[in-house]
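Below are two complexes that have chain A in common, paired first with chain B and then with chain C.
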Partner chain A sequence: MSLEPALLSPAVVDLPFREGYVRSIIYVSLYVSGIAVALSTLFSIPVAIVMGFTDFPGKQFVKSVINTGMGFPSVVVGLLVLFVVSNQGPLGSLELIFTKEAMIISQFVLATPPITAISLAAISGVSENVRDAARALGGTRLDVALVVIKEARYGIATAILAGFGRAISEVGSVLIVGGNITSASGISQTRTLTTAIQLEARQGQYDTAMVLGAVLLALVLTVNAVVVRFGDEGSVNR
Partner chain B sequence: MVVSMSEQRSTADDVGRSRFSGATSRRSFLKIGAVVGVTGLAGCSQSSGGEQSQQAQAGVSGETLTLTTTTSTYDTGLLDAIHPDFEEMYGVTVDAVAQGTGAALESARNGDSDVVMVHARGLEDEFMRNGYGINRRDLMFNDFVIVGPESDPAGIQGMGSATDALTTIAEAEAAFVSRGDNSGTHTKELNLWEAAGTDPGGDWYQETGTGMGEALNVANQQGAYTLSDRGTFISQRSEIDLTILVQGPIEGGPEILANPYGIMAVNPGVHDNANYDLAMAYIGWITSPGAQNAISEYTMNEEQLFFPEAVSEDPDFQQYVPEGWSSNSSDE
Partner chain C sequence: MIELSNVSQAYGDETVVEDVTLSVEPGEVVAIIGPSGVGKTTLLRLLGLFTRPTAGTVELDGQPVWSADEDERLQLRRRVGTVFQEASLFDASVARNVEYGLRVRQPWDDRLRDTLWSIVGSNGTPEAVKRSLDVVGLSDKLDQQARSLSGGEAQRVSFARALAYDPSYLLLDEPTSDLDPRNTGVIEEAIVEARDQGIGVVVATHDMHQAERIAGRVGVLLGDGFTEIGPTETIFENPTDDRTRQFISGELVY
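Entry: the complex of A and B
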């Protein structure tokens, strides 16, 4: 990114940032949270479908575990992931500590419970009539599942947004497992918007911290707007 | 991603009439995936700029050195200023992780870093005695200062003794902010209280559990005293209203406020994944006349923050071993 200074947004040129600093931080934030939420979604939706469609002993217990996970403190997750990826830990040989991958792991752990729980609520909320009708028309299990997902799409989109919001706004775990690293040239390796804000505040540079905070807010709003727009498109031809 | 929605007429009520077009339903599902995918890809497309531009050379080139260090070296910007020289020389990347001295040493103990740069000789010595650190060098020094509000409610201004100043603050029960994070500065502060024979406690004594910069901010907000390394204080002075009330040895203050920084490699005999070659290259470079010169030339607000001490005509064997160690000691 340092190779393309001309593309630096004019809006940040007069700020006390080094070239590419903010861009690289935004990139790391989106990269880590985006991949973590994508993986969470791939994991959560099937789990929510299975749980929404079947009854099994201990289902309530699993539900309460997932709901508890929604409130799991991010620093505790960071600590646990640190133990796992530290060179002394079970995944130590992979040398993941202080990397984006370690941050993705911890954000995956954080984002999965809300995505699963909210998706499950949305899927459970689809009327029995819909399922029955789908079955009556000779739909296979897959067909029925797809119809239910379609009916529950707003809820599922909300679930993904909630997971993304949790991932991109958390600071505790990425600080512990990521290390808040930039290269000497000021390009972020594992520094996210949240950890950068924390660092700037620590250094008493509140104006810089405010700018980064505004960027983070704008980012979250944009992602929300994009997802909401997708939801609207789905209803245009209703 | 814009999918034709002509077939998606179904609602909960008229679902009975809708055809079970798997393709249509699947597309709605994919949309959600696409949102997430776009988010991820948006990032990917601008990746890999500077990171791997220098892998062509042989040897250590392209490797990454993980340095755990203290917030006081990191927050002054010193490392960012001098590291490009090392990175260019070897074609490597230095990942500097700013923690407190205690946490920096703990990361190294766990084999999560290759080299540590800290400022608490007692903790460094313990680290070496336990076999985790080797090849210790004295690196640089500055000093600690006791800072506080200009109104100086406890009246410690100009005191020649740091311990007397702390005792006075305790007796006046004037607000004092402690780092409380097992950092080098916190260790120094606890040693000072001990030397003063005072056990701090009560509402006036607040542990923030944060880095130096943040502790200075808290002290600034509350009109409290705190112990700071001179480097962080200078680099932040323009942002805060605190002033130096008791000077360190650099400005003629008591020797007890000296703040020496040491650097050690993580022992590859304990952690075979430690990047020992590169750690030693780094220690060699940062203790070289060139880098030491760069350290002395690093200024903030026109003041020198760190004073190099690695280059010396005279031998200083004590820098390599725990303090007070002697080859004649029976317990070693």
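Entry: the complex of A and C
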């Protein structure tokens, strides 16, 4: 089987799947990772700000928990979320198992540690002198916090994109809690790019797997290109 | 008047400033001279109402500072412009940097409108910003990114930033350490001009000649406290304290 670039477009060549199938998979991937990362950002940034601005007993411990969380195996997260949302679990009555919502929960758990840790590093990296300057010029506590966030903006953007990169390319937890389901008409319910690639490859549908792989790669490359660009812009202005 | 009475400052076991009494009147320049690491910056932080002293009292224009609540203290601190040795400009244009002190003093709705306008386009630069950049000779750098300035330019912007909101007192920590002789002259002129407008200025410097040029009074900080404080002429020509005399003549080596 030869694979030429034109083959990558399902609209051009008759591939053994309908375009709607691929599109629905892309949609589910973006939907789940997008919402998970958005929620994660809403949670992580305030946590990072509070941790960056206050000292409290056990702060080092919380930091090391977050850092450990960055390397937490996604299958284990999936397993834990599965227990929580399964019928006997604490959230069993919500019937979330094998739904996009369950996948959002597990990706939230996965994306939160890197977003918090990288944002915290960016906020802590803002020089004490800058805070002093804001205070010296008459800034309130809130003004000082706003200055620090503004100074750390590139780092915070990098954190969010890194969280998205982890979520979108992750396969273990969404497979366990989402179940890799399509509807009877072949439209993805909880099938993501990663779980679809895994399934198609196992079934010997290598051309489909390749197309999906190319789409995923393009998404991740785009995200990383933006991260690099943000990083560059930050360093130019430093 | 900023008034420190019997103020001491210790960090842990280490006493940095001990039992200092100092007052700064409007319209005078007080120089604090002494070798590096002797506590000049700590003293400025006490005068600037940044650090709560471990002992003694601080008053600004007759109001005790550290028994006031945080909001009152903020209002008091806003009368003082502190320029630290490290320029530490914000990652924005020169104009936005100099404008900062004015902006934080505005009510929130004005600030919000200002921010929205700045997204649409330029909303003009306040006169005070242009004026204070003019004082330091950088009015042509309004739109430049602050982080792209040279060290000396950054230090001058940092000075302009404090000048813009018209403080009653100016505290300057080694304000000319990064400057060439010509720009040192510019800043010294600005200091004298500020004094003539009734601003009380404190300059921490290790440059004794600078102190002699601009200060009406000089405090000599050699140990934990002042060895001597008095009119500039007396300190330089007729010091009563032995260590002051040795420091000024260069015999006392740290």
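Throughout what follows, the second predicted complex is superposed on the first by the 208 of 238 C-alpha atoms of A that agree within 3 Å, B and C clash if a C-alpha of one lies under 4 Å from a C-alpha of the other, contacts with A are read in each partner's own complex, and residues count from 1 in each chain.
Basically, a contact is a pair of C-beta atoms (placed from the backbone, for glycine too) under 8 Å apart; a residue touches a chain by one contact, two chains touch by 3 or more.
Because the structure is predicted, anything quoted here is derived from the model rather than measured.
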Looking at A:204 after the superposition, I want to know if it touches chain B, chain C, both of them or none. Which is it: first, second, both, neither?
first
Between chain B and chain C, the one with more contact residues on chain A is chain B
A:127 contacts which: chain B (first), chain C (second), both, neither?
both
For A:95 in the superposed arrangement: first (chain B), second (chain C), both or neither?
first
For A:59, using the defined touch cut-off, is the partner it touches chain B, chain C, both, or neither? Pick first, second, both or neither.
neither
Quick check on the superposed pair: does A:149 touch chain B, chain C, both, or neither? Answer first, second, both or neither.
first
Quick check for you: in the superposed arrangement, does A:135 touch first (chain B), second (chain C), both or neither?
second
Output check: A:226 vs chain B and chain C. Expected answer is one of first, second, both, neither. What do you get?
first
So which positions on chain A get touched by both chain B and chain C?
127, 129-130, 133-134, 136-139, 143, 147, 150-151, 237-238
Where on chain C does chain A make contact in their complex?
48, 50, 74, 77-78, 81-84, 86, 88-92, 100-101, 104-105, 145, 147-148, 158, 161-162, 165
Touching residues of chain A toward chain B in the complex: what are they?
1-4, 20, 23-24, 27-28, 30-31, 33-35, 37-38, 41-42, 86-88, 92-93, 95, 97-98, 126-127, 129-130, 133-134, 136-139, 142-143, 146-147, 149-151, 153, 156-157, 160, 164, 179-187, 189, 201-205, 223, 226-227, 230, 233-234, 236-238
What residues of chain B sit close enough to touch chain A in their complex?
1-3, 5-6, 8-12, 15-16, 18, 20, 22, 25-26, 28-29, 31-33, 35-44, 46-47, 49-51, 66, 71, 75, 79-80, 83-84, 87, 93-98, 110-112, 210-211, 213-214, 216-217, 220, 235-236, 239-240, 271, 273
Over in the complex, which chain A residues touch chain C? Could you list them?
127, 129-130, 132-140, 143, 147, 150-151, 237-238
